[in-house]
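Chain IDs A, B and C follow the sequence of writing; residue 1 opens each chain.
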Amino acid sequence: MARDHLVTRRVARWLDQRLGSAKLARTALGKVFPDHWSFLIGEIALYAFVVLLVTGVYLTFFFDPSIEEVVYRGSYEPLRGVEMSQAYASALDISFDVRAGLVMRQIHHWAALLFLAAMVVHLMRVFFTGAFRRPRELNWIIGITLLILSIFNGFAGYSLLDDQLSGTGLRIAYSITLSIPLVGTWLASFLFGGEFPGPDIINRLYVIHILLLPALIIVLLTAHLGLVVRHKHTQFGGRGRTERNVVGEPVWPRFAFKSIGLMLLTAAVLAALGGLAQINPVWLYGPFEPANVSAASQPDWYMAWLDGALRVFPPWEARAFGYTVPNPFFPAVLLAGGTFALLYLWPFLEARFTSDTLEHHLLDRPRNRPVRTSLGAATVAFYTVLSLSASTDVVAVTFGTSVNGVLVAFRVACLVVPPVVGLTTYRLCRELQLRDEAAGMAPPERPRIRWELLRVWEWHARRRARAAPTDP
Amino acid sequence: MARARRLRRAPGPWRLPVVVGLAAVATGLALAGTSAAAPTAGPARQGPEPDLVAEGRALYRTSCVSCHGVEGAGQRAPDGALRGPSLEDVGPAGAYYQLTSGRMPIGNPDDLPQRKEPAYSPEEIEALLAYIDTITEGPPVPEVDPESGDVAAGGTLYRENCQSCHSATGAGGALSYGNAAPPLGPPDARQIGAAVRAGPDPMPRFGPDLLTDQQLDDLIAYVEYLDDPDDRGGLALGRLGPIPEGFLIWVGGLGLLLVAAFWMGTRRRDAPRVDPEPPGDEADPGTAGVDAGGNAPLARAADGERDGP
Amino acid sequence: MTGSDADDPEAPRGCLGCSGDGPPPPATGPADGPGADPHAARRAEVAVATGFLASTAGAIGLAVVYWRGGQPQLEGLFLALALGGLGLGFVLWSRRFMPHQPVVEARHPIASTEEEIDRFRDEFEQGEVILTRRKLLVRTAGLAVGALGAALLFPLRSLGPRPGKGLKETPYGRGVYLVTADNQRVRAEDVNRDGVLTVFPEVAADPEEAEEPPRPEHQADSSTLLIRPSGTPRPQRGRDGWTVDGLVAYSKLCTHVGCPVGLYQADTHLLLCPCHQSTFDVLDGARPVFGPATRPLPQLPIGLDAEGYVVAEGDFAAPPGPGFWDRDR
């Protein structure tokens, strides 16, 4: 044991002479992280991403992103002799003829689903506790960008396999791009290299999926974590926790081992799923043929809200002077764009409406911000109903009802459920606040919400008043 | 896909001997205690069996005529609503499908037909088929031989013709206004062949020029494969695609990990009290150190007032 | 987490990196700190060790399964055991044996002091003013940077061709034969009543490559449904002679977002798109009767040639597939 110490000490000194690492390591390992359980959700997302990287690299050794037609000669009998793209054939090879290939492929796909789920829950945690306020607006923006990039990367990833189900999704993506006014046809031509399916789509998706988007994600993720270190993590108030301190565990040794443990547990859950639960059995879907389609075609869960929006949006279209704004533009482009625009702007909107531009390092308990919490809950409810709307045909078949009726029901639900959820949440928050007060807890200071800013017609007068103040 | 060639219709006198021949084989199988479809011998050239047709007519008049009318002409209720459609192009194939899957006879004609136990024995069904054959013009029950079918070719045919309604995995799918394309398992080769040839409402009909007999055998071989496909990835989750996968990742994946996080992290209420003064830091003017459970504003008021209301 | 020491005013609260003068932090966790139950410590140790041993077993199992040919479920299970045992062990180790007293660190406001900002601004502006003094240089530099940026965008043009007539036209024209996916021409009587067949235009092929199926690019936009419905199609304005022998042909691409409309319901003569449930009435020019589609499936005029094969009599009535900005121009 004595020799061990000596060796590690020698190595540490060697590194320090070249990097100055001792001082850096002391600061880094001494950083204090508040240890509330909900702060681990972002870590779960991070570790799912690590699993994605590791399994993804493995898969790149076996996948062939070529759209060239070949005749399948592998070991899956029901497709032997069938013509298919090289990409699909290599996916079949990974699933049937590469040892451990299927388990790696499945872990990779489950990890993508988990990555996005954890990101969404992490986003909700940050939102409901107000952790996006100054100075963390930049980090919020980086986080939303990470979400968007990951959604696209997931879509690109499962479309690589050139199976019937994902090919249908690609066709829908092409048509949505086409629907953008003025530039849609050009954008679609640039993305696909021509008309659908294009001569080279799989290769382009491959570059996007293994190089462009992961590189962007890694850079932004590093910035995201760097900002957390720079700003220090937020914490809940109470029991000596203030805006001027950070109370928690030091990185070394407890937090580090807890985090490594969580990483291994995340990987373990993904490994179990990858081996025990079949995901995306492309051999049953068959190779992509543009003229074929299967019943019960849905995208992966993180795009279900888009599919649901496409289904429930009524058949409205705008046509004038020979120009068309086609129907899919409204649910797929406008709604999606509006969603993310609102997400990006939220910290600034809230700051404006609450006149609160101070630095905040203490988190809100959601009940103490009933307006924010109920608006957020209503939004979550809206996107949940939209996501469930993607399953209209499966719901109809499972429950033996008319798919037409199910669709109408979901349309109504999209409009009715969010306000109901919002109002209920608001009442719940007030109830909990009253209970806190009864239990003797002092109510925290709540900002006044400047609802008058919503009066659009007053903006002009307000701007004029600000430009020419009455008192010199 | 069917190769384009001249239409070949079996001329009239052939049909009845074929049916009788099939009836003879079917009766033999029923006596032997098996119900599996088997490659049939060539059509036996026998004369019509009047007893079988009469038996069929009697059965028809007992339970079918009330909705489908005399001689299969169809029946309307007094208020004009359709009670039972005409059977004019159902044929033995259509009748075979409906009877062996238990869809017909149906209790309430306004209900959608559901698969259930057949109401008739195989002999009674043969009798009914013999009678139906005399009153309709539809396709005969096909002779099927899925053992000779090529699963790969059948898969291609299935994906071209069938998966859009029955889904890629044979799980079935929704149709308009409450109708549904049923799941395809457990497979009965002859029943599948009869359904394909007869096109029971609302299914389209695939005659011998759209799908040759060999193609039908290939197709049935693939449908039989779909009953027990390669699920080497693990739990099949109903083979419904991304929907159950999404549910599983939220409940079994993230749900499990959130439980783990809840266990290994701390809860706000259990956090121990600390002295808010960080050690070694010079006394910071204006540190509030408020134990309010809410937000304590920072001491540096200048930051806030710059962007006032 | 037991907080038995937290209320003790003498409780140490130093941390790595702090410049505090307090006594060094304890090297014990809740299980083996002062006042801890030694049996509990032993139990915790056994738990952690079991985790690590289970992990080892999992790793060995994984190696064995792989060496013996591999099996996905066992691979996943053993990998999960190997990772999970290790992870659980680390988490338990940290919770039971590593110091758990909360540590307090100072947090300083992010924003710099006014003096620092002013100092930075002065120093920066000293450099900046040198630049802005020379207006001509600033302007020409701006011009050059802008031009370079714009020029660098030009190679993006190579990503795809100009969207052209291909979006509005298909290989169909007068006299083009309808063929199946196997490149076989179709006779009218091949499609029985209540039958539906997916067909494509016969692409004029190279004489040497006569047996090649149509290129996907051609198939993708021009897949067509040839239907013989059991009812009579209602006559459509300006479309006399577009049907032949009871057969009617429509584009298979949904006018919503382009999925193939594969579900033909023979009894109600409705075509249902499985993607978003747009429904089209085959007897009424395939106009949409339900769902998000706004335009009917474009009809293809068909006729027969001298030998009874089905031919197109022209291109689709409208550009097939989903809408786009200048579709109607």
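Keep in mind that, in the parts below, a residue touches a chain if its C-beta (ideal position, glycine included) is under 8 Å from a C-beta of that chain, and two chains touch if they have at least 3 such contacts.
None of these values were measured; they are calculated from a predicted model.
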Touching chain A and chain C alike are B
Selected pair, greater C-beta contact count between B-C and A-B:
A-B
Starting from the mean Cα coordinates of chain A and chain C, work out the distance between those two points in Å.
12
Compute the distance, rounded to whole Å, between the mean C-alpha positions of chain A and chain B.
34
Per the C-alpha means, the centres of chain B and chain C lie apart by a whole-Å value of 28
In chain A, residues with contacts to at least two other chains
102, 106, 240, 243-245, 247, 258, 261-262, 265, 269, 273, 275-276, 289, 291-297, 359, 392-393, 403-404
Where in chain B do residues touch two or more of the other chains?
160, 163-165, 173-177, 181, 232-234, 264, 266, 271-278, 284, 298, 303
Name the residues of chain C that each touch 2 or more other chains.
18, 72-73, 76, 91, 95, 102, 104-107, 109, 111, 181, 198, 260, 262-263, 274, 277, 290
So in the complex, which bits of chain C are touching chain B?
1, 3, 6-7, 13-14, 18-22, 72-73, 76, 91, 95, 101-102, 104-107, 109, 111, 114, 180-182, 184-187, 189-198, 260, 262-268, 270, 272, 274, 277, 279, 290, 309
Parts of chain B lying in touch with chain C, wherever the complex brings them together
1-7, 89, 160, 163-165, 173-177, 179, 181, 199, 201-207, 209-210, 232-234, 264, 266, 270-281, 284, 298, 300, 302-303
Show which residues of chain A lie in contact with chain C when the two form their complex.
26-27, 29-32, 99-100, 102-103, 106-107, 135, 168, 171-172, 174-176, 178-182, 184-186, 188-199, 230-232, 240, 243-255, 257-258, 260-265, 267-269, 271-276, 289-297, 307, 310-311, 313-317, 319, 322-328, 359, 361, 392-393, 403-404, 407
Where on chain C is chain A touching in the complex?
15-18, 29, 66, 69-70, 72-77, 79-84, 86-91, 93-95, 98-100, 102-111, 156, 159-163, 166-167, 181, 198, 200, 216-217, 219-221, 223, 252, 256-260, 262-263, 274-277, 288, 290-295, 321-329
Mind listing the chain A positions that touch chain B in their complex?
35-41, 44, 76-82, 95-96, 102, 106, 110, 113-114, 117-118, 121, 164-165, 236-245, 247, 258, 261-262, 265-266, 269-270, 273, 275-281, 283-286, 289, 291-301, 304, 355, 357-360, 362, 364-365, 368, 390-394, 396-397, 400-405, 436, 441-445, 450
